[in-house]
Structure formats: structure tokens, C-alpha cells
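The structure appears below as C-alpha cells.
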Amino acid sequence: MAGVVLKDIRKAYGQVKVLHGIDLDIGQGEFVVFVGPSGCGKSTLLRMISGLESITGGEMHIDGQLVNDVPPSRRGIAMVFQSYALYPHMTVYDNMAFGMRIARESRQEIDRRVRSAAEILQLTPYLDRLPKALSGGQRQRVAIGRAICRDPKVFLFDEPLSNLDAALRVATRIEIAKLKEQMPDTTMIYVTHDQVEAMTLADRIVVLSAGRIEQVGAPLELYEHPQNLFVARFIGSPAMNIIPATVTETGETTTVSLKGGKAVRVPVATAASQAGKAASFGVRPEDLFIATDGDYLFEGKVSIVEALGEVTLLYIEGLADHEPIIAKIPGILGVKKGDTMRFSADPKKLHLFDAEGKTYRSA
Amino acid sequence: MAGVVLKDIRKAYGQVKVLHGIDLDIGQGEFVVFVGPSGCGKSTLLRMISGLESITGGEMHIDGQLVNDVPPSRRGIAMVFQSYALYPHMTVYDNMAFGMRIARESRQEIDRRVRSAAEILQLTPYLDRLPKALSGGQRQRVAIGRAICRDPKVFLFDEPLSNLDAALRVATRIEIAKLKEQMPDTTMIYVTHDQVEAMTLADRIVVLSAGRIEQVGAPLELYEHPQNLFVARFIGSPAMNIIPATVTETGETTTVSLKGGKAVRVPVATAASQAGKAASFGVRPEDLFIATDGDYLFEGKVSIVEALGEVTLLYIEGLADHEPIIAKIPGILGVKKGDTMRFSADPKKLHLFDAEGKTYRSA
Amino acid sequence: QELKFPPGQDSRFNWKSYDDFKASHSSLKGQPLTVFGPWRGEDEALFTSVLNYFIAATGIDARYSSSENYEQQIVIDTQAGSPPNIAILPQPGLLADLAGKGFLVPLGDDYAKWIKENYGAGDSWIGYGTYKGKDGKEAFYAFPYKADVKSLVWYVPENFEEAGYEVPKTMEELFKLSDQIVEDGGVPWCIGLGSGGATGWPATDWVEDMMLRTQSPETYDKWVSNGIRFDDPAVVGAIDEFGKFAKNAKYVSGGIAAVASTDFRDSPKGLFDIPPKCYLHHQASFIPSFFPEGKELGKDADFFYMPTYASKPDLGKPVLGAGTLVAITKDSPAAKAFIEFLKTPIAHEVWMAQSGFLTPYKSVKPEAYGNDTLRKEGELLTTATTFRFDGSDLMPGKIGAGAFWTGMIDYVGGKDAKTVASDIQKAWDGLK
Amino acid sequence: MNAASTLRRIGLPRLIVHVSVLLICIVWLIPTLGIFVTSFRDPAQITSAGWWTAFTSSAQTTAVRLADPSAARQDGANHVISGSVFEPGQGGTVRAFGTRIAAPSEFTAGQAADLGEGETLTVNADGSYTYTKSAPFQGERGRRVYLTVATPPTFTTQNYNTVLTSQGIGQSFVNSLTVAIPSTIIPILIAAFAAYALSWMEFPGRALIIAMVVGLIVVPLQMSLIPLLRMYNEIGAFFGVPSRSYAGIWLAHSAFGMPLAIYLLRNYIAGLPKEVIESARVDGASDFEIFLKIVLPLSFPALASFAIFQFLWTWNDLLVAMVFLGTGKDQLVLTGALNALLGSQGGRWEILTASAFISILVPLIVFFALQRYLVRGLLAGSVKGG
Amino acid sequence: MVSQIVSAVGVVIAGVFACALYYWLSDKVLQIIFPVPKDNVRTASVNLNRRAVVRPWLFLGPALILLVVYLVYPVVATLLLSFYDRSGGSFVGFANYRWAFFDAQFRQSIFNNILWLAVVPAACTFFGLVIAVLTDRIWWGNLAKSLVFMPMAISFVGASVIWKFVYEYRGGNETQIGLLNAIVQTFGGTPQVWISMPFWNNFFLMVILIWIQTGFAMVILSAALRGIPEETIEAAVIDGANGWQIFWKIMVPQIWGTIAVVWTTITILVLKVFDIVLTMTNGQWNTMVLANLMFDWMFRGGGDSGRSAVIALVIMAAVTPIMIWNIRQAHRETGGH
């Protein structure tokens, strides 16, 4: 059982408290992705799992064993560092072979594994180069290669793809997915800022914020049912539009009046006590569509049009206080800046959060 | 005229030729984004513009002036390094203030600019820390802050957002866009792997591959009219699906027979001489939709379903040789692995490339 | 081992003594013997040529070694418990110290008696080899071998001849000659006190010579043992006597400032310059090795005895000298045999016949001296009525090789004799 | 891209840099140049004229004797002695001559000097002379005359010959190497291990040991000699082995260089990027392996620079060698052998200077050999971020 | 000769090999004593932690043994000796210390040493740094470095001859063979006896040590300079800093630790230096320094172990502030790790 269990894990650098008690139970063979804003403690947590960072408080178990005091080399882990951490005096080949040489693998085996990893990561032409003669992306790939060459119980990836181009990123992501499939018993813990990576790779996503876990769950669960405003805004890009609102009617469904003045009925049940309280109303940009019939959610003036080819982003001014509302409409549109437009959304896709930012349990 | 003009710029590291003659004319105030696969020479080109890398061949003009031998400090540039390059012995504040101190700005001015940059980049709490006590993303933000504090003629960004989380990334991207707007005369050159960044920020995108320019153009132009297979596949994520085909009918519109056997009519004019030749047929994942009526483009078995929330990616096995065809369908679908499905696409969105990978000029 | 002079062939040598020694010391073949001494370079080669006779006679495996820092080396070696068998040192003071710490083996009164009988001014020599041991008892520890004469003044006969100068017979004449030279537009003296880490020592020789020429030998002995204070008027007078030469700007080449800084090895070269930088140079018998190459002793350069005051006839003809003393630092039959060997004339003659060696041993054949100058110097030693060992070598190291030097430098640098002398006395007091 | 070429393009006129480096080099070089030139000069010249005059032709004043009166010929009323002032095979240009030592260059060459009493002397520039007298010459010896002779600059390799051909120099050279090489490698090895432990391993008392190391740099070598030699002697006596051996001096040199070695190496090793070491740790490498495979190769610049110094010190050392190896012929190190050439009173500048240059050679070779390890950018590309 | 060389090579290899063998063997032994079974993580990690406890001492062991035997033990012996008389025979209490306190020469030495400490480390570090930086920027830098390094390679005896030919004074109107006086003379000055010029002669001696030790500072600092990440310099270049600013604001702060190390090392070396003073003046003309004074008392005329021990202890005590500062530094570093 190469699961990883964290019990009230805490970390402080001197006076600076970075992690405030993380409880997490990662099953064997699970693929868990950590996401969270920059500086929230993802790398720190990963480094604590790897044993590189001492544990200030709490207990960590790997494979059912308390590992608080087990040195990194014994934890059966492989790690891709956010900052590459390549061996500058070794060629790419030797960088990848190092771990295996330490483990006294046979020459053929080393060669086979290194070459196959290099193949996957398109590094074959660079095997004889030193890290300093590689581009940023190439370095990062070497770091990944070094990890996948080994055969650990737990894989730790710290933003392994951040310096890769989209194509390579997709390809590598798929390779990682395949890798995972080939090693169903290997636990993988992955830190990323890329939504797509998180959504596609993860069995479960852990959303961290300021050293605390905000929500843990399957990717779609987080997307569809964020437990709080933070997760709602964090998952999905562009972020969910949030409009201040007041609860006007409670019951099986709830009616809120948006800041702009319009009342919206949301299929979420609320207790009567909530009536009159402040709330936040949320809708994802991609759930908005241009209202063609009379019924619409809101109306506004387009301030920016971003055509991405596949989709177009419309920034609508005038509703939320400082931020524009964003709508993501498929295809290339003929909309110009300054146009006034109306948007609508499927009621099922509407979100409602209470004054503390907690979600109202949806019906 | 702070334009940047590159004439047949070449670069070689000893025997290794990295850039093979880059011709590019960047107008003053233009926002140009370099994209291309990892290791294609983007950073190198940027570093040559900054003057950090010597020029092996060709001429470079900035502001109408030949700068081949002008030292970096005289070129009026600011740069964000791919590897941050923070001053390890200075606090975040000092890192950002350094350039201005060198330029003998007043204390108040320095303080104002640093604090406003820190505000934008959410770095205010860290101003007194040394780089080694920062997370990867925080370091990257400091690097950006350092550049935007200054007031250069040309901005160079080398993957400035790669270590940021999605939300911050969007926010920073928007800040950069704003920055651009505030300084209409400042030329910005930006390297990224992020399609969205490229598409949203760029006035023009330069697609590089293996040290050569593949295509230069406005974002949508590249998306809609890629000049060759490389650009077609590179722009857009997931990449355009390419299916080997043979030209069967030429003329106003062209008919090709796909590898799977099906014949497709594409509204592209071809010369008669092309008949019988090999071609590549392309269609973007997001342009595919599930065929509901009888007419369909192709049919296949779903091998992977990736639900991203907003959209679902379907990987269809069996058409192209080794790669699956990917379809990107909006929303969350009830499709399961193993289902057989049919897909169709708007004929206008179909692409056709000749044997060398060049696009047939679309009608 | 190759012997420099084939035994039995040259009648200048006492070959019989060699044969006798050989006959009586044949039982020690192969025994090891380590000899440590101050001689390096050419001197080392010369000493080795003597040692070879010892080796050839006894078959003892004798090895000689030296060191630039022999003073330091012998302190370390004896204290650390790995001394050589034989230590040869030019400083009785250092030997006395070693004896006091119990590192020397007494030679016995027989040797002392032998010295008394066979050496010129033998009593003096015994005195310099007799020290208090660890137990506080006096005993004879060090066998004198090889001497230097210090009371010499060097000059170039041809220059004297040309200028019509006569070798002075009395101190008064010496002053007159000096004045004469000044009058003729020349500079009489080359004095150089520089010697790197030992700068100042040549001045001590001057002062000692002047001591012997102004005070009785007994006063000299008291001075050396601090029986009279260093700032006693007698001593101060001697220093000033030296000052009459060294602190007279007209007398010294290069001016007074040059006296302290000129290296003693470079100093005599002035005699041979054209025109001569100076006509006179006071220095010990070893100095010819620093004469420019090709100067033939007796012809191109010669010496005369540093004269005495005609006004003080009762002081006689004192000779200041120095010498190396041989002590046993680790006893063994081979070591004893080596001392025994030094009693044979041949041990002296072999070196005499080459260069730079003087001996007070009366039984050696004077013919053996390599040249007339050496022989003349040798005669000074064997005929000396009063022989006194270099005082600074007898004083405690911190004085004789420290405060005294420094004091002399200060004196030449401008301080007056009285102050300098009481400074030295203060340092001496500090040792007690 | 290296910093050199980076800096090259940032202004600060390069000329200034070149000139100032040149200036510094000259200032640093001149004293050495002095003895270098001196080592090729004639011993007699060394103390009579500054070394910088060695390149110009010098005027030397010498004394010679003319042929003795028996060589005189009668020429009319005059008696004439003629010949050359130079010995056969010698040469030079006579500038001036004189007959009194007080005025050795009274007359210029070629001039007929009237010496009074009917004597005239002419010495020509080529050295030929005519000495005439109206009366017969008297005496046995020839007249002494003084010449100012211009001699072209001369250099001699004699000094080097003397040193290089002196007895036992080859042996002492080998001895020196036998002492210096292990005395360089052993302490570096030991110190590197210690420095690694002091920078990357956790254990109690670490700061204390670092402090001790710093404190021990100052221990004067001389203090240790007597207690140590006594210990060596006791050990030697106990085991019946010679107390003076190569092993003994290696250890002594190693120990004396140790505090500085640890101090310098620790400073460098502690500065290596943390992530690289962590990465190796995660890769399963033990501290031993990390040290051997990561730290050691990455510390080459520090190792090389310390190696240079330690080699220098051991190579130039005399004291420790004399005490722990002995002064016998077969144990003598090069410095000792060269020193022995100087003679008991020292002061043979020509030998000193020549041997200084002979003994400098090996350390310079070591410096050049190791200099290329003082490379830059060894860590480039390993980690990202400042 | 050949056999000598062969045996020397053999001895050298054997010696170095034996040393390397220790580390290899001790690690092997450690692995045998604390085995790490593949299957039992508990014992494995316990044993690994045990190894981690033992291993630093294995690494440090030889160094510590050498340090203790060759340096600590003599220091202790010295401490004891300082309470005994000149031959180490009888206990005299604090008499030697009392002597030192009242000795004029001792005070003189302290004063001179303070002068040396104030000038030499600063000058060496400064020149070393400047040369290291400048030579990095020119194509003949390596040559220049070798020239500056050369004095280090010269033995002290050689160095003293070199400087004799610089400071030599010839009286009157004789031709000067000392370079300095020759220069003074050409510029119309009066030649001086540099070595005996009171007070200033200290500085003339210091020049020699600076001349020698700058090479040391240069080599160490040069290595440190090369460890500076290129990017930071590039970033500063982009930020518009000129060479001077890059040097002071980017390079120097980043190698500050090394500068301190060089400074410390040279400071300590200065405390120990005596060869220069010994060969040039032997402490005369008021140039005595502590180390030379110690040497004097230790060996001259048989030596006085008690007093020399006191002086040695004073020298050692002088590094205490440096030690404290270094401990602080080490703490700070590990705090950052």
C-alpha cells in the first residue's frame, strides 16, 4: 500500500508559518494534483513528502509506515524539481542514469531506460550535452526524464511542464498519463498551474490556499461543485464571474437580486434564515451564451474582445464592481468593442455562495 | 521609431547552428510574440536582441540604429529572464529598485514604482525577503516586476508567466496588456508557450521552428490560415488533426480521399497538376462536432475521454496512423471509452496541405 | 671514500698520527654516526674531506648534515629526543644552554688536560668548552676544532704601495693612517653590519676587539659573563672606541647611514674597487671567501693584526677569535672515536691544507697551511698570549645574538653609547 | 556566453582595463624580473651595478700591469714597452686610462699621457699601448695602469650550471616531489570530506568544529615542532621504525595545511546549489556517493586553488622537511639542497637568484596545469532561479 | 636515478591510495554494520538514520585526528609550557605573562602587529579582487594572473633577495643597486635607508607580504567570481549598470562570503608571518612582530620555552574575534539552508 497519508502536517520557516495543518489521504496508485495560487505551499508540501524538508508538526505515512524520520533515499520516491536541479557536470545521459547507477542497475537496463525516456521526451539528440547548453524546456525535460527513468513507489512532480511548448506539453502530459497507466500501483503527486493538466491527469485535485486545503475532489466535482468561492474562482480559466447579490427568496430554489438590479432564480435550496443576507452569485464564462430570446441574465457593454480562434472572450463592463464579467463564446465572432450585448445561462450552471464564501448546497 | 529590425540574423554556438537567418521587422509599439517548440531558438533570439548574446551573422537595428556592437545597457531594453536571474543578495524590493537606482531616479519615484509593481504582482508582503525564501512563482513575479519598474523602449519577456497559477497568470497577462496600452510607443517582444497568452497579447505572432521563421502574422490569421502544416499543428491546442490524404479532384474546390477511405470536398482551389498527389487534410479539434444527421466526416471509436468541465476532449482511434484524432466538444458529455461516434465539420474550417506541407491557397 | 691527499705521500702531513689512529680504532666498523654542523656549501665539502679520513680509518658509517637553521634545528632535535651523535656549533653560549638542559655528554677531564697541553692559549679554550650541566656541576663538554681569528684588518697591498701607506703597528698609527687617507681624498674604512636576520653582529666583533685593547682580559671575561654591567664605563668606552671609526662620517665608505645597511659580505668588495672605496676592512679570517673572484691572498689582498694602543703596553697582544666546538649529543663509541680523531694532527692538517681553516693545535705542521696568509693567521693563534673567544657568542643567545646586535644598530643609527649599553643591560636583566 | 564577454560590451573603456592590468603586472613583475636578470649576471657585477643596467654596455674600471721592464726595446733615445692591455682572447674597448688609482680615468684612450720624468703612455681604444721612457725601465714588475673598459652586456648561464650540476640536486628534486605530491593530495582529500560534512550534514557540534578549525589556522607551526617530533621519536622507538619517514612528513604537512583547507573548501562547498544535492539525495545517493559524484566534481575550482597553495607551501618548505625528514643527503629536499649551496655564511646572490628560479619552476607548472580548473560556469544550467 | 624515481612514484601512489582507501573502507564497514534491507523499511530507515549519525564522524575523523594530534595537542602543550621556566623544568606561575606585560619589545611587537593587521589583509584582498576582476575581462588575463601569482611560488629566501635588490642602499655617491633608491635618485631625490627608517620601515616590509599574498587572494577570489551566476550579471547589464556598478553591487555582494574568508585567512597569516621580518631586519629598527619575537625566544641561544609559549598564546588569542565572527557566519548560513 504505497499510499501517502498526511496527518495535520505543519511547516514553519522560523517564524513564517507556511503550512497550517494538512490532512490528506492519498491512496496507492492514485494520481493527485496539487493546485493553488503561487506561494500557497505546494512545493513545500511536496518537498516534505520527499523528505527534503523537515516536518515541523504532524505525521506522514508512506506505504503505511511513519516516515517523518525516514531519509529521502528510502522513501521510494522520484521527484522533478521546479527548478530542474540538474547535475551541471554531467551530460543529459548521465543525469538520467545517475539514480540507476546508484541503485546498481545493469548497464543494459540503464541504457534501455534512459534511451526510452529520452525518446519519449524528444531528448535523444541532446544526450551528450551538458545542461548549460540546453534551452529551458530541454532542461525541464531532462529533469522529468531523470524521474521517470527510476522506478519509484511515489512520483513527485513540481510543475514539470511549465517551460514546455503547448505541443510538447500535451505530448508529455499524455506520456505521463500513459506512464501512470503502465504503473497502476505507483502513486503520483503533481503540482501544476495548468488547469488542463490538472483536469486531465488527476484522479483527485487538492486545492490549496495559503497553507490550507480548500477542497479535495475529482476534477469535475471541483469544476461543477466548488465548495467555496475560492475554489470556484480558482478552477476554470478565465475564472468564474462573481457578482455580489442579496438573497431575496429562500426555499427549494433561491432568488437573489444581483448588484445590477436584476433578480435571478437559482436552483439551489436555502434555509429561510438566509433571506436578506448578502451572497455571491457565480457563473462561468463558458456557461454564458448570447441571449437570443427575451430572457437574459444580464446585459452590458463589451469593453475588450479577445479572439483566440477557437473561442472569443468578451469582457463586459458595468456589473461587478471593479472586474469585468467575462464571457467565453465558441468560434470567432463579429463583435466589436462598445457593443451592448445580453447574456444568458443554463440555470443549472449557476452558482451561489453565502456571505462567508461557502457554497449553498445545490439541490 | 523604437522598432526592431532583424536582417538575416544568424547564431551558432561553435559548430551548433541555432538560428539560420531570421528576417523580421518589428514596428515601434508593436507587441510581438515568439512561439515555437522548445529549443527552437526563441530565448537565443531574445538574448541577441538584448545584446547579451553576440550576433554570429546578420544585422540588427533598434530604433533605426545598427546595434550589432552596442552594449545591452545602451539599447534601452528591459528583460524578464526565463530563469529569473534575480540578485540573490538583494531583497525583493532592492531587486526591483536596482535598475532605477542605477538610473539615479529619486527615492520617492523608486518607491512609488516598486510599490505599484509589487501591488500588481501581489508581491507586497514579500518585499523584504531574499529570493531564496520565495516560491518559484513568486520569484518569477519579482523578475517581471523588475522589468516593469523600468521604462525602456523595448520590453523583452522570456516566458514570464510559466510558473504562475492560472488566476495570477490571467491577471498578470491583463496587467501586461494594460502596461502595453499605457505605453503605446514601447515595443514588446514576448516569448511564451501559452497559446492564450500568444493569442490575446500579440499584435503579431512569430512562429519559429528549428531556428527558422515559419510564419509571421496576426493571431487570428495564423489560426485561420496557417501557411503550413507546422504552423497549423503548432497553433491551437490540442493541435489540429492531420489525416493523410490523396487529391482526387482538382479545380475550384478540391476533393481528397482520406486515408480511411472517405472522400471529402474542401473549398480550396487547386491546380490540375496536383491530381493524384499526396496531401494532408486538417481539421481542428474544436471545429469538429458530433454528426447528428447522416453526413459525417469520419467515424471512430473513442479511446480516451478527458472531461475538462468546460469542454470534453475525445480521442478517436483508427484514422491517422499513430495519433488519435481529437475532438473538442463543449460541455460535459456522457460519452464513454469505446463508444463509436461520427463527427462532422463546417467545410470552411477544413484545411488542406500539399505534400511539402504548404497550405493550398484557400479560395 | 676518496681521500684528498693520499695517506703517506705528502710530508707536510703527520701521516703517522693517521696510521696510529687507524690502528687503534678498527673495531667500530659499520657503526652509525651522525654529525651535525654549521658548515654548508664549500665548507661542507671541506669538512667532508676531513670526515672521509675518519671514515677510511675506522669504517664507521658517518653522515654529516647541516641546515640553514642549524641553531633552531639542534634545539628542536635535542628537545624532541632525536639528536645527532655529534653536534658541532660555533656558539659556546648555545652549547652551554644545551649542557644546562642536560643534552650534552661530558667529555671528561682527560680531554681538558689534552687541550691545555696541546692548544695555544689552551686554558682559554678549556673555558669555552666547560659548562654547567643539568646537575649544576661544571664539566668539559665541547672540544674546540677549527678556529677563526677576528682581530684582523684587511687591505690591498698594491693600493698601500701606490699611495705610500705603511701597515700601522699601533692603534695610534692606525688613526693617523685613517686621517692620512682622508687627507688624500680617500675613505679609510669599509664597515658593513648587515647580515639579514643577524644584522649587527660585525659590530660586536669591533667592540670586543676594542674591549681587549682598552681593558684587561679579566674585565673582558667579567663583561662577557655580566660580571660587570653592560653599561659599565669600561664597556661604554669600548663602544665609543668603535664609534670613533664607525660614527666618523669621513672614515666610513658611504657615510654612517651605510654602515648598518651594507651587507657584511658586500662590504669588503670596496677594497678592490678602482678607485678604492676604502683602504681598510676589519673582519675575521673567513672574509676572503667574499673577496671578488681571482683575488690572490698575500698578493692582491692581505691583512695585518688589529694593532693595540702603544699607550697601553700592559695589555699585550690580545687575539680575539672564535671557533667551532664539537660536543657529543648522543653518546656512542663511534662518537667518542670521532672526538679522539680530532686529537690527531691529520684531522686539522687536511683542512688546513685546503683553505679557511685555522687551528690553535700546536702539534700540526705549519707547512700544511694552504697559503702564507693562513699560516700567518695560524701563527697568531698558536703564539697568542691572550686569546679571547668572541664575546657575543659567549653571552646568552638573547643578548649575544639579539640585544647586543640591536644595540649596535641603534648606536650606529645615532643613539649614544651609554643609552645603548643600558638598554642591553636591561635586556640581560630581563633574562634573569 | 561567459561573464568576460558579457562585461566586454558594457562599456568602461577596455583600454583602461588593459592599461591598469598591465601596470599592476609590471609592478608585480619588476622585483622578480630583478632577480631573474641577476641570476644571469656575473657575480662580481651583481653588487656593483643595479640589475637594470645589465642590458646596457657598462664601463668597468680594472687594473692591469704592463709588460715588465725586461720586455722593453730601445727605440732611438727612448725605451719602449708595447703590447696589449688585454690578455690574448679577451677584448673590449678602452675608454680611458690612468696611472694613479685615485684617478683611474685621467686620460682618454689614444691620448699620450705625460707621466713626468720623461715617461709617456698611450693606451689606444683597442687595448694596444706604448709606454716610452727616456731612461731605461727599472724594477721587476710591470707598471700598474687603470683602465676604463667598455664591455658589452654579458650574461652567463654559469650560475645555473653551478646549481644544476651540484651534487645530489637530482635526488633532492625527486625527494621534494615525493614530499610535495602526497602532501598536497592527502590533505585535500581529507579536508574535502570534512568540509562536506561541515556544510551538508547535520550533527551536533558542527558550529564548534568550524570555530575550532578557524582557530587552528593560527597555530604557529614552530610551536608544534618539538612536541610532534618527540611524539614521532617515541612512536618510532616503540615500533622500532625510523621516526623520520615520508609518511611522517606527509601527515605533518597535511595536518598543518588542514585547517586552512577545511576552511576554504567549506566556504565553497556550502555554496553549491542546495537543489542539486537534494536531487541526488532523492535519487537515492548516500552522502558518500553525493560527495564523490556530485560535490567533488563541482568543487574542482576550489580544490584546484587549494592544491596550488598547498603544493607551493610544501614545495618551498624547508623547516618541516628538515625536522621531520632529516637533513641527510638522501632525504634532503630541493630547498635544502639549494640552501646548502650557499655556504655557511650565505650571501652568494648569484646562487640564491638562480636557485630561486629553479625552484619556482615546478610550482609554476603546477599553477598552469591547475589553472584551467579554475573555470567559470561549472554550475550553469543546473538550477533555475536566483 | 631511475630506481629512485620509480620508488618515489610507488611511495606516492601508495600513500595517496592508503588515504583514499580509508574512506572507501569505512563506508563499506558502515554499510555492513548498518545494513539496509530492501524489504524492511523500518530497519532500513532506522539503520539509515544511524548511518547518518555516524557518517559525519567518519568523514571528519581523519581531519579531526590530524587536527587534534598536530595542532590541538601542541597548543595544550604550549599552554602548559607558558607556566614553566625557560627549560620547561620548573613551574613559575604567571611570571612569563608578567614579563610579557612589562616587556618593551613585546609592546612594540603588538603595536607593529596591529599595523600589519590593519594594512596587509585589506591591501591583499583589495588588490586580489581588483586583479581577479580585471584579468577576467582580457584575453591575456591568464598570463597576467600568472605574473601576479608568481611571488607566491617564490620561496621566502628568494623573496628576501628580490627585495634586497629593491631596498638596498648604497651610501654617498655610489651607484645604487637598489631599485627604489635608483628611482629616487633619477628623480633627484636623496637615497634613503628604507629598511631602517623608523615606523615607515614597517610598511616597506608589509609591501613584501602584500606582494606575495595578493596572488593568494586573487586565486581564491577568482574562483569565487566564476561561481557567480551569469544571469545575474546579465540582468544587471540589462538594468543598465556599468562595469563599476556591476562590480560593487552585483559581484562583490555575491562573493562577500569568500572575501571574508580571504580576509580572515590573510589576517591569520599575518599573525603568523615572521620569515619576512626575520630575513629583512630580524626585528631591528623597531620592526619586531609577535611571531618573530616568539621565534626569537623559542630558538635563539637555546630558547626559552616559557616566554615563547606566552607569545604564541597571545598570537592565538588574537584570532578569537575572528573565530566568533566565523561561528556567527556559519550559523547564519545554516539558517538559510
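The first chain written gets the first letter, and so on, giving A, B, C, D and E; residue counts start at 1 in each chain.
Just so we're on the same page, a contact is a pair of C-beta atoms (placed from the backbone, for glycine too) under 8 Å apart; a residue touches a chain by one contact, two chains touch by 3 or more.
A quick map from chain label to UniProt name: A, B = ABC transporter ATP-binding protein; D, E = Carbohydrate ABC transporter permease.
Small disclaimer: the values here were computed from a predicted structure and weren't measured.
Steps from subunit B to subunit C, taking the shortest chain of touch contacts, total 2.
When the C-beta contacts at A-D and at A-E are tallied, the pair with the greater total is A-D. Taking the mean of all protein Cα atoms as the centre, the chain whose own Cα mean lies nearest is E.
Relative to the C-alpha centre of subunit D, the farthest chain centre belongs to A.
Each chain gets one centre point, the mean of its Cα atoms, and the points for subunit C and subunit D are 32 Å apart.
Note on chain placement: the centre of subunit D and the centre of subunit E lie 20 Å apart, centres being C-alpha means. Centres computed as Cα averages put subunit C at a distance of 40 Å from subunit E.
Separation between the centroids of subunit B and subunit E, computed from CA atoms only, is 56 Å. Shown for subunit E are the residues in touch with two or more other chains, namely 52, 229, 231-232, 234, 237, 241-242, 298-299.
Those residues of subunit A in touch with two or more other chains are numbered 71, 73, 82-83, 133-134, 136.
Shown for subunit C are the residues in touch with two or more other chains, namely 69, 72, 75-76, 196, 263. Taken together, the subunit A residues at the contact with subunit E in this complex read 14, 63, 65, 67, 69-71, 73-74.
By the touch rule above, subunit E contacts subunit C in their complex via residues 87, 99, 103, 160, 164, 168-172, 174, 193, 195-196, 278-285, 296-304. For subunit E in complex with subunit D, the touching residues are 1, 4-5, 8, 11-12, 15-16, 19-20, 23, 27, 51-53, 55-57, 59-60, 62-64, 66-67, 69-75, 77-78, 127, 130-131, 134-138, 141-142, 144-158, 161-163, 165-166, 175-179, 182, 211, 214, 216, 219-220, 222-234, 237, 241-244, 246, 257-258, 261, 264-265, 268, 271-272, 291, 294-295, 298-299, 309, 312, 315-316, 318-320, 322-324, 326-327, 330-331, 333-334, 337. Listing the residues of subunit C that touch subunit E in their complex gives 69, 71-72, 75-76, 91, 93-94, 96-98, 100-101, 196-200, 252-255, 257-258, 260-263, 277, 396-398, 400-402, 405-406, 409, 413, 430.
Per the touch definition, subunit A reaches subunit D in the complex via residues 47, 50-52, 71-73, 77-79, 81-89, 98-99, 102-103, 130-134, 136, 139, 146, 150.
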